[in-house]
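There are two complexes below, and they share chain A, which is joined by chain B in the first and by chain C in the second.
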Partner chain A sequence: MGDTAAGVNLVERIKRSKLLQLFLLICAFLILYFTITPSENNYLWRLPSLFAIVPIKLNETVNYLMFDWFPIDIWNADIEDYEESALLKEITRSFSRAVLFFIELIREILLGGKKTIVAFTSWDFVSENEWAVWPALPWTVVAASAVVLGYALKGKWLALFVAFATGYIAVFGQWEPAMETLSFVLVAAPISVILGLLFGIWAFKSKRVEAILMPLLNIAQTMPHFSYLVPVTVLFGVGDHAGAIATVIFATPPMIRLTLLGLKAVPPEVGEAGMMNGCTKTQLMFKVLVPSARQNILVGVNQVIMQCLAMAVIASFIGAKGLGYNLLLSLNQLRIGQALELGICIVLIAVVLDKLSLAWAKKQIDYFADQSFAQRHKYGLIVFGILIGGCVLAFIGTYLFQGGINYFYLIPHNKGITTEPFWQAGVDWMVDNWYAQLQGFNRGLIINVLVPMKNAYLGMPVAATFLLTMGIGFIVGGLRSALIVGGFILFIALTEWWDRALITAYMATFAVIVSMILGTIVGVVCAQSTNSSKFILVVCDTLQTFPSFIYLIPVIMLFGVTDTSVLIAVIVYATIPAIRYTVEGLRNVPQALLDAGNMSGVTRLQRLRTIEFPLALPHFMLGINQVVVFALFMIIIGAMIGTEDLGQYILKALSDKNGIGNGLMLGLCVAFIGLAVDHVISTWAKQRRAMLGLE
Partner chain B sequence: MKITKTLAMSAVVAASFAFGGMANAADSSKPIKIPTHNWSSQVVMAYVIGGMFESMGGTVEYVPADSQAVYEAIRLGDVTISHEVWQSTFGASFYNAMDKGGVIDAGTHEAATLEEMGVPKYVIDMDLCPGLPNWEALKDCPEVFATADSDGKGRWLEGPQSWHGDLMPERLEGLGIADKYTVKFAGSADAIWAELESAKKEKRGIITFNWTPNFTDADGFVFIEFPEFTPGCRKADGGDGSCGSPKGWMKKAANYQFPKTHPAAYKAFTKTSFTTTQIGQMAALVDIDKMSHEDAAKKWLADNEAVWKPFTE
Partner chain C sequence: MSLKSQEAKIQPVIRCESVYKIFGENASQLIREAAGKIDVEKFKSEGCIFGVNSASFEVHKGEMLVVMGLSGSGKSTLLRCISRLTDTTAGKIFIDGEDLLAMKPKELIEIRRNKMGMVFQSFALLPHKTVLENIAFPLQVKGISTKDSIERASAMIELVSLDGRENYYPRQLSGGQQQRVGIARSLAVEPDIWFLDEPFSALDPLIRREMQDEFLRLQGMLHKTILFVTHDFDEALRLADRIAIMKDGVIEQIDTPANIVLNPATEYVAKFTNNVPREKVLRCLDVMEKAPKGAKFSKVNVSNKAIIETVAEQVLGQSLPVPVLDEKDKVIGVLNRKTILHVLFGKNEAA
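== the complex of A and B ==
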């Protein structure tokens, strides 16, 4: 009798205590880990790679659809003959041409050129008529107009900032690449915003669309951008348009999500008020609901702009001209100073566009002001004046700088001042003084931590991995979570890249742990005052758009082509969201609870430990999600240093015969690692928030 | 958008009617698209070849592209040519694309390339490993080339695995020094340059994969002399792998329509052939003299008219 009672008691205790469940899970995991024998034929050790055929089939399908399906004859004037092409190829290429037309149009307004004229005439026409060249706007006109725009939208501080940014870009001789980057961002960003709004609204109206869209968005946001570069080039070709299209794929998902979030948050009363006033459906959506959801939608626009510029470097892998391409070139020459200046240009463009678009969206139209023509069109007139003035100045410039560069018209690339020697000296100094000291640390870390950790991951039988991941899923979210997590892992286990995925997982685990520790410490310190919080959030925003490629070279110089280098680059990048979420979490703890604590006489540390941390914990945990995604992205970029993980194979897919299929499958593997973690953490955070009464 | 597209379309149709009848050997005025990758000699040579085409009255456009993905782009006509197809690094991508159709071989440069493991010149000068560049010397000094993660062995820093697969690990086996050396695959050429630069500052021993002509020629780079390459000596071809690299070719590739659309430019392109020295000059103008790529190309074209003019005639 006593034994059964004790037994029932134990089962009850296990049911109640998640910690105990976790303990038992780990025990079972360890037993499997050490008892299953490594052998190719043992399915408990490694699953057979049943999916190995999928990338090949995927490739064949895409190639068939693109190049063989529905053949049509196209007249080619250049070779005077009909050529066989495929319908889908012609469709996607016409789409490419349309996108390219707009990019070229904006680019030629800013920098001058012939292609827009060609679009309306022909290359023959342009080559026969010397005069058929569109002149560039002098850089002074573009810069001054942007400053006026800043002033008109927000006031003198924004104007000053814009002046600083444009001045920096011009003075450092990066005007041309900056305008090239700007021209494709000015096409990609509006497309992303519009697509995001439309899909967001559609998902808001239809539950079914939402249900289909959500998993796609999850994948799009966790899939490394490298993995869809090849498909984009096959479908749309190489060039600025391909860069823009890849950027749109990357930048649209957060916009959809935030639009949907915003619309859902609009109180029903607002919609009802609109209906009572007799709005049509369209009016209700665009005049009532969308404006009410403005706050979230604007965050979406901000995200789109940040993502667009974060893609500037990667887009140059498939033909986007501009700052990103020049940055890769200078990294190849190990000119870190130059790369840094280019990186700062990218950040400045991001911030300027972000601030201008926010100011524009927040500007209210004053319907009642009774103004004269000159008053109403004040800024238009000023810009017109600037245009005339700038052109005159550029004209004077042709006499002033005879034969040389007309600095009043366009400053050619890399003909400005540069701080490169300073940075170069800095890097040299760093290598000279730190290299020797760091070697001990590097060796110790590799021998004592990284190699054993990697071997431990690679020595994990697949059955044990499933038990552990699904078990954690079960403890957190019950059977449903266990199955979801298991599904993600099963997909990876059935590909031929399971071992590669384990290496990716090992690097991600290490980087995420270190990033979380660093991020939490910095975050907690900075969250102590409002000013330092604001400051660190601005720093985080800036670093998020700063091209992470630049970290790669200095870390190699200090740590060599080793996992240490990769991990340090990853940690630098992944700590950004860790800091952000810690600060936000702590700052968002309800003031009333803090006051209650203060009145009960807690010390500063007690308050942090007993009130702020527990309440901010769900938000921290969501931060982990972001840290994981950032870490995975950077591990993939870290493949350029030299790794053996999924990233290396994604890079390799760029030249593979089965590039499309391999790239996509590998991308999905990375995405599924991220999504498995995401699912567990979001489920946990949701329960926790409900428990704390925060929902 | 609709209007502009219709306009553009009708313009294209009009153009094809207007000029369709002019069936002669003249080059199309449509731009020749030349890819630029991320290393100096290739970018300068892109502008050099572009300058040649322009001197013949052609229009040229430069497209940044990934050096591996570019062959697919040439195949589909998104890029017209590629002027530096290195045998061991891009041979696979080049022939893959050719298999699918759409890429043609437009001849070979005079420059013989060598892609091989080697050491910076100071390693020889300072006698860090006596007996180099003969490979036998490696047996006695693995510790000179050891790194933090090589577990006491000497490390060979090889290019990405996508370049030559397991060629180097197999060579170590074949030479019988696999117990003393280990291969580490770098992820990109940049990673190799960064390691070389860092090693140079400390005058550290380092063995890396490298090639010539390359900008590292200027600083001095010595290739290790392995047993001579013979056909079939590699493991993949049935040998034991104990041989060095052969002298390789550097080809030029073009889209299959290029000869038809731009016959004159195509002829010039097939005649174009640069030597190792000339390619080295192009790279040095950027890497040593710190000129911009465009300026370097202009200077090279101005200084070497005797070299390139004959190609265009």
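== the complex of A and C ==
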């Protein structure tokens, strides 16, 4: 009798205590881990790669669609005859041409050239007529206009910063590639914004569209940048336009999300007021709801611009010109000094665009009636003045500077000053003096931590993995969560890249753990005062605007091309959200609760432990979510400097003519790792927040 | 008597016939099964919630009906049914004799553009438009030329005394000023029917009082047909021609303020009226008695519309009954000291 009662008691306790459940789960996991024998034929050890056929089928389908499906006759001007071509190919081709035209157009406004004129006439016309060249805007005009824009949007500090950034770019001779990158962003961003706006509105209007779109957006936002490149090269070829299209695909999801968020955040009474005023559906949407959601939508625009810039670097893999391309070249040649200079240029452009667009988003329209024409069009007139002044200056420059380069007009690539020798010398010095220590650290880390960890992951039977992941899912969110997580993992297990995925997972785990520890420590310390938390949040904001690629430069400088480099870059990159969420979580604890704690006489540490941490925990956990996604992105980008995980295979798919299937499947694998983690954590955080009454 | 029969002939501006608004996943299916007869208990057992439960009433031209209820009583839902911002589950609503619920979207837009105006609790101004543009908005939606709509909007600005703030943005105005814009916007198309959904609830007490005065001034000029929703019983007493008191979706009582205070129909209504200072609500004509024939009157007299509070001292100072005069100075009744004491101290205490 006593035994059964104790048994019932134990079951009850296990049912109640999640910690106990977790403990039992880990015990079961360890038992499986050590009892299942590694063998190719043992399905408990590794599942068969049933999905291996999928990429091949995908390739075949795409090839069929691109080259054989629905042939139509197309007039070929070169051979002056009709030619047979596939419909889809022609569609993507004309789309590419349109995108390319706009990129060239903006590029030539900024830098001058002939291609736009060619687009309306012909190469013959241009070569016969000397005058048929579109002149560039003098760089002084572009720079000064940007400064004026900064002043108009935010005031003198932003204007000063813009002046510094444009000055730096011009002086270091990076004006041309910088404008190439800018032209690329200026085409990709508006397309993304319009698409995002349309889809966002559509999702707002129809619950069904929203239900379909949301999971797609989740996947799209967790797929690594690289995996977008493969399908785009297949469909649209290689070049600036392909880069722009890949960028659009990558940058649209956040715009959709923020549009939807903004529209949902409009108070229902505003919509009702619109209806009671007799608005038609279109009037209601475009005159009432969209303008009311302006701020969120403009934050979306800001996100789009940042994503475009991040992608602008990665798109150089498929031939987008500009700073990214040059950066890639110098990294490949291990010219660290030059890479550093380029990196700073990219960072400056990113920060400038970020600040400008955010200032625009936050700018409120002001009272402006009863002003004269000159007052109302103050900034327009100033820019016009700058245009004239800049042109005159450029004209004077033609007399001033002999030897072909007019520094007041355009500073050609790499004709500015450079600090490369200095940096190179610095790197050489570091290699000479610190080599032993750095290598020692490097080797120690690899031999003592990374390799054992990697082997532990690779030695994990698939059954044990499933038990662990689904078990955690079950403990957190019940059967539904267990099945969702299991589904994600099953997909990966059935592909032929399970081992690669395990390596990715091991790197991610290591990076996430280190990032969380670092981030929490820094975050907790900084959250102690209002000023330091403000400061660290600004630092995080700024670091987050850097395209992820940039983080690779200093680590290569220090550790060369190794796993350690990648991991350190990943850790640095992923620590940013960890810090941010820690600070935000702690600062958002209601003041009343802190006061209540203080009045009960808690010490500083007691308050942290008993009040602030428990209440900030859900926010921390959402931070982990971000850390995981950031880490995964960076690991995949790290493939560029050599790792052996999923990223490496995605990179391979890029140069493979039949890579589309592999690229997509690999991208999904990475996305699913992220989504599985995301599902568990957000389910937990949601329950926790509901329990604490925070929602 | 003749007045009443006249009223019956005139079509009411708003007429509701057993209007229901039922929330719940299977509400529409249950309605279909019920085929017109709604069994409240059955619906509730199926997990449905009654926002509005069989509301029937009429509002006549130039009348102000105030719907009073606490939060969750269904008052705003009722208003939203009548403005068709939500779909009514069952029942009929007629606006000037036309079936509102049968209207197609196009007709609905037409009626909203010309006949209805609405004021919202949170003001619901468009943040990206100036005061002038906000007020001109319903006109421009209608397709009226910019010049005309601006002209009309300027007139509205004068009406609500916002001169000089035409080019401000809503966020630059105080709450009271914002609601003035909301009122001006709702009146811009010169609607016959004016819906007000807790228009002054978001304002500070002093400003609220000021806005109520302003509102009474406007109504004195415009004579709109009004449906006014509030949770504030004092506000209802102050403004209403008639008050409908709602609880859990049901209209508990619908009557003039005086009758509600004097004869609360249910215990729930009585809870509100118990603490009301009656001398501040009741008018002479609400409590006067018939003038006994041939009796002697005091030399002092009072007007029939005067609030008791203002005449109490006068009447109490007289030993003889005080005559109550109508607009044409005809004696229509008398006030005794006893009546006044009843009003002041309640029936039981005075007896």
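Criterion: the second predicted complex is superposed on the first by the 658 of 695 C-alpha atoms of A that agree within 3 Å, B and C clash if a C-alpha of one lies under 4 Å from a C-alpha of the other, contacts with A are read in each partner's own complex, and residues count from 1 in each chain.
Quick note on the criterion: a residue touches a chain if its C-beta (ideal position, glycine included) is under 8 Å from a C-beta of that chain, and two chains touch if they have at least 3 such contacts.
What you see is a predicted model; the values in this text were computed from it and never measured.
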item	value
Chain C versus chain B, contacts on chain A by residue	B
Which superposed partner A:522 touches (first chain B, second chain C, both, neither)	neither
Contacts of A:269 with chain B and chain C, given as first, second, both or neither	second
Chain B versus chain C as contact partner of A:382, first or second or both or neither	neither
Touched partner set for A:291, first chain B, second chain C, both or neither	second
Chain B versus chain C as contact partner of A:359, first or second or both or neither	neither
Partner chain(s) touched by A:26 [first = chain B, second = chain C, both, neither]	neither
Contacts of A:325 with chain B and chain C, given as first, second, both or neither	first
First (chain B), second (chain C), both or neither touched by A:280	second
Residues of chain A contacting chain B in one complex and chain C in the other	none
Chain B-facing residues of chain A, complex	63, 75-80, 97-98, 101, 119-127, 229-230, 233-234, 237-239, 316-321, 325, 328-329, 331-334, 413-414, 428, 431-432, 435-436, 439, 442-443, 446-447, 451, 552-553, 556-564, 638-644, 648, 651-652, 654-657, 659
Chain C contact footprint on chain A (complex, rising order)	267, 269-270, 272-273, 275-280, 283, 287-288, 291-292, 294, 364-370
Partner chain A, residues of chain B touching it in the complex	1, 4-5, 7-8, 11-12, 15-16, 18-20, 23, 28-31, 35-36, 38-40, 43, 57, 59, 63-66, 68-73, 76, 78-79, 90, 92-93, 96, 100, 147-149, 151, 157, 160-162, 184-195, 197-198, 201-202, 257, 260-261, 286-287, 292-294
Touch list for chain C against partner chain A, complex	80, 83, 85, 109-110, 112-114, 116-118, 120-129, 137-138, 141-142, 166-169, 171-172, 182, 185-186, 189, 195
